[in-house]
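In the two assemblies presented below, subunit A is common to both, partnered first by subunit B and then by subunit C.
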Partner chain A sequence: MRVDLEDLLFSRGPFSLRGSGTFEEGVHLVSGPVGSGKSTLALLLAKLLLPESGAVRQHNVSSALLLLQFPEHQITCPTVAEEIRSWGLAPEDVLAQADLLRRGDDDPFHLSRGELKRLVLACTLMRNPDLLMLDEPFSSLDCTAKRKACRMIEERKEGITIIFSHERAVLPRVDALWEMEAGSLTACGSVPGAIPRWRHAPPYLRYALDEGARPENIRLADAREALCRIRG
Partner chain B sequence: MIRITGLRHRLLDIPDLTVGARHIAVIGPNGSGKTTLLTVCSGIEEPEAGSVRLLDRPPSAVKVGWVGEFPDRTLLFSRVYDEIASTPRFRHRPCRETDELVRAAARTVGIPHLLDAKVSALSGGEKALVALAAACAGDPEVLVLDEADSHLDGVTAERVGRVVQEATAAHVLWCTQSMDTAARADYLLFMESGAVRHHGTPEEVFARLEETCFYPTMWRVRR
Partner chain C sequence: MQDPRLRLLAAVVLSLAAFASTTGAVAVLVWWLIFTPRTKVLPRLGVFLPLIAMIVATALLSAWGGGAGLSYLIRMLALLLLAAWTYAGTEDGEVLAVAVWALGNRVGFEIGLIAEMGLTSLAVLRQEIEQMRVAMALKGIRPGARSIVPLAVTLIVTQIRRSDEIARLLVVRGYAIGGRICPRFSADPRDIPAFLTAIIPGVLSCLPLRDVFILVG
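Presenting the complex of A and B:
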């Protein structure tokens, strides 16, 4: 299973996006500043936008899902339970996973923003598609919910998971790092080798690197362990 | 000075709280009442019971700049310029003054290049910056930001932090899920189930949260 980007080119007004590379099975993190094209790349990968030239080629990918940055854009039903059924999932399972027990009859728009994000995120993860694209999955969540989302992402045994995020505190264990800047996608490579050249490393990871530590992965726990190894 | 007395509103229950600090960060889990507190403090909602006073006045008598988390819900106009201009225009400021305010606010926030852009073509983070510029264009006495940083990358979040720091507002009330950002505030309110569970300087409040994930990542690695 893999997704190839072949000389992808997409433009809108003065903005243009370019990218090439291969997303293999595992967890990929695409980082980049606001407006750099992360969400546009997500839409291109999901084939919701078509490139001007080049192509997105999916190999042996039989299902794909994109979690949109703003969860309200993904809601189509008047109650939480119906919304969950519209994803082809059982309400009780998703409500438990999203910590929304007894909220099944509520209007999704009466949930708080964090709750709405948890709902859509749980639906997307529980559908367990071959290709899972998550656009800013951690925004609006508190640190407890972010940790739970990371665990669910890490527990995916197979498939390609691509996370588009600028999260700076709670991140999952990942296999590869990518950077988006001014519309151009760069592969940093696989972890841990890519970590020192990852320009968007969050402050705690940057600090560990500057101290001379070599974290095994990008989580806060990895940075602390690496610091312990050099500090003794 | 922000003074809250006998406040009960939806899940909020805050008997008595007085904060004199300028830059106040509101933190806590999802659903703990942070947004509700901000809406009451900015006069968007009237409390069911009790009172909130900003600068010794009711919030409705104070110029409040509001930046919400979901900019799509508050952005009214299709062009960035018109969105930022809406603040002075709603106050019937003359055209030339409006133009100056718009350009100054766009410069401060770092988006002069977006003035002619369509709001619908902006990224989520850029929309948050437009909402911030619109809030600043009114020269607010109190600036309220409801998780406005949740769609921003590190560099842009720093820029917002600087704008907020340099704003002339007497108070900045900022709700955030970034504990590293909150650590730079003058005063913290940690909310849980509608109540202010801890309040004080970042050192005081985070000392109570050391065993939770509500603790700045930089404080953890620096120890």
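Presenting the complex of A and C:
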């Protein structure tokens, strides 16, 4: 199972996006500042946008799903329970996973932004597709919800998970790092080898690297552990 | 037509003509062919064709039941083309400017503001329908009779909520009633002939043509 980007080129007004590379099975993090083109790349990978030239080729991917950046854009039903059913899921399971028990009859637009994000994120993760693309999955979430989202992402044992995020505080364990800057996609490589080359590394990771530590992954816990190792 | 006053007035006269009689509607279609950029003002086919299909289906049903199906078809087609021309030519703030010019800073401003908000809602609605189409595609839901009802409910509720939010926003910003703007309009030399010609369908729709031809004969 893999997704190939073959000399992808997409333009809209003065903005253009370019990228090549292969997304293998595992968790990929595409990081970059706001407006760098992460969401556009996510839409291209999900085939909701067509490139000007080049192609996105999916190999042995039987199901794909994109979590949109704005959870309101994913809502198609007037109640939370109906919304969950529209994803082909049982409301009870998703409500429990999203910490929204007894909110099944509510209007989804009466949920707070964070609650709505939790709902849509839970639906997306519980559908468990071969190719899961998460556009800013941590935005609007508090730290507890971010950590829970990270755990759910890490629990995915199979398939390709691509996270598009500018998050720099709470991150999941990943297998590969990518950077998006001014519309240009760069592959940093596999973790942990790619961590020192990662220009958008969060401050705690940068600190650990500066101290001479070599974290195994990109989480705060990995940075702490690496620092403990060198300090004894 | 560049002058929004003449454009909106022409749209009103032509709409009344198309609505009043089949002769008026035919005259409106001729006017539309002569004085508008024709296909350039039409919405994209995905929006336009379903509307045409609905009108044709209703006309066929009406004709099948012994009603004036053909007349309905011609009149609705004329109204649809007029609406497309008016909508495509209207820029932000024009309706407010025309309403204030016509009815003043109090009543005119109120009516113009409501009309502007209505026009903005159309653009937002179009965007929301597109977002829902994407959401449905992501969930693997095929558009159909089953999905239309929840979609329509969600769209209507969203629109009502947005109206409420805008109303609250206006209150928060201190809006009570009326406002002051100094509307300025640009015009094109072809505006006057186009507008004067638009009166012809209006006159034709009011005249009992059969009587005129008897008198002439």
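What to note about this one:
Please note the rule applied: the second predicted complex is superposed on the first by the 232 of 232 C-alpha atoms of A that agree within 3 Å, B and C clash if a C-alpha of one lies under 4 Å from a C-alpha of the other, contacts with A are read in each partner's own complex, and residues count from 1 in each chain.
Criterion: a residue touches a chain if its C-beta (ideal position, glycine included) is under 8 Å from a C-beta of that chain, and two chains touch if they have at least 3 such contacts.
Just so you know, these numbers come straight off a predicted model, no measurement behind them.
For the composite obtained by overlaying on subunit A, subunit B and subunit C can both be accommodated side by side without a clash. When the two structures are aligned on the shared chain, A:Q69 is found in touch with subunit B, with no touch to subunit C. When both complexes are overlaid on chain A, the residue A:S112 reaches subunit B alone and has no touch with subunit C. Annotation for subunit A, partner touching more residues between subunit B and subunit C: B. Touch criterion met: A:L48 reaches subunit C, while subunit B stays clear of it. Of the two partner chains, subunit B is the only one touched by A:R12; subunit C is not. After overlaying the two complexes on the shared chain, residue contacts for A:V34 are found with subunit B alone; subunit C is out of touch. Here the apex is the CA centre of subunit A, and the angle it makes with the centres of subunit B and subunit C after alignment on chain A is 70°, in steps of 10.
In the superposed pair of complexes, A:G232 makes contact with neither subunit B nor subunit C. Touch criterion met: A:A208 reaches subunit B, while subunit C stays clear of it. Once you line the two complexes up on chain A, you'll see the smallest CA to CA distance from subunit B to subunit C is 6 Å. Comparing which residues of subunit A touch subunit B with which touch subunit C, the overlap is empty. By the touch criterion given at the top, residues 46, 48, 65-66, 68, 73-78, 82, 86-88, 107, 109 of subunit A touch subunit C in their complex. Contact residues on subunit A toward subunit B in their complex (touch as defined above): 12-13, 31-36, 38-39, 69-70, 72, 112-115, 118, 136, 139-147, 166, 168-170, 200, 202-204, 207-208, 220, 223-224, 227. The touching residues of subunit C, counted against subunit A in their complex, run 131-132, 134-141, 147, 150-151, 153-154, 157-158, 161. Interface residues of subunit B facing subunit A in the complex, by the touch rule stated above, are 28-31, 35, 69-70, 72, 117, 121-126, 128-129, 147, 150-157, 177-180, 212-214, 217-218, 220-222.
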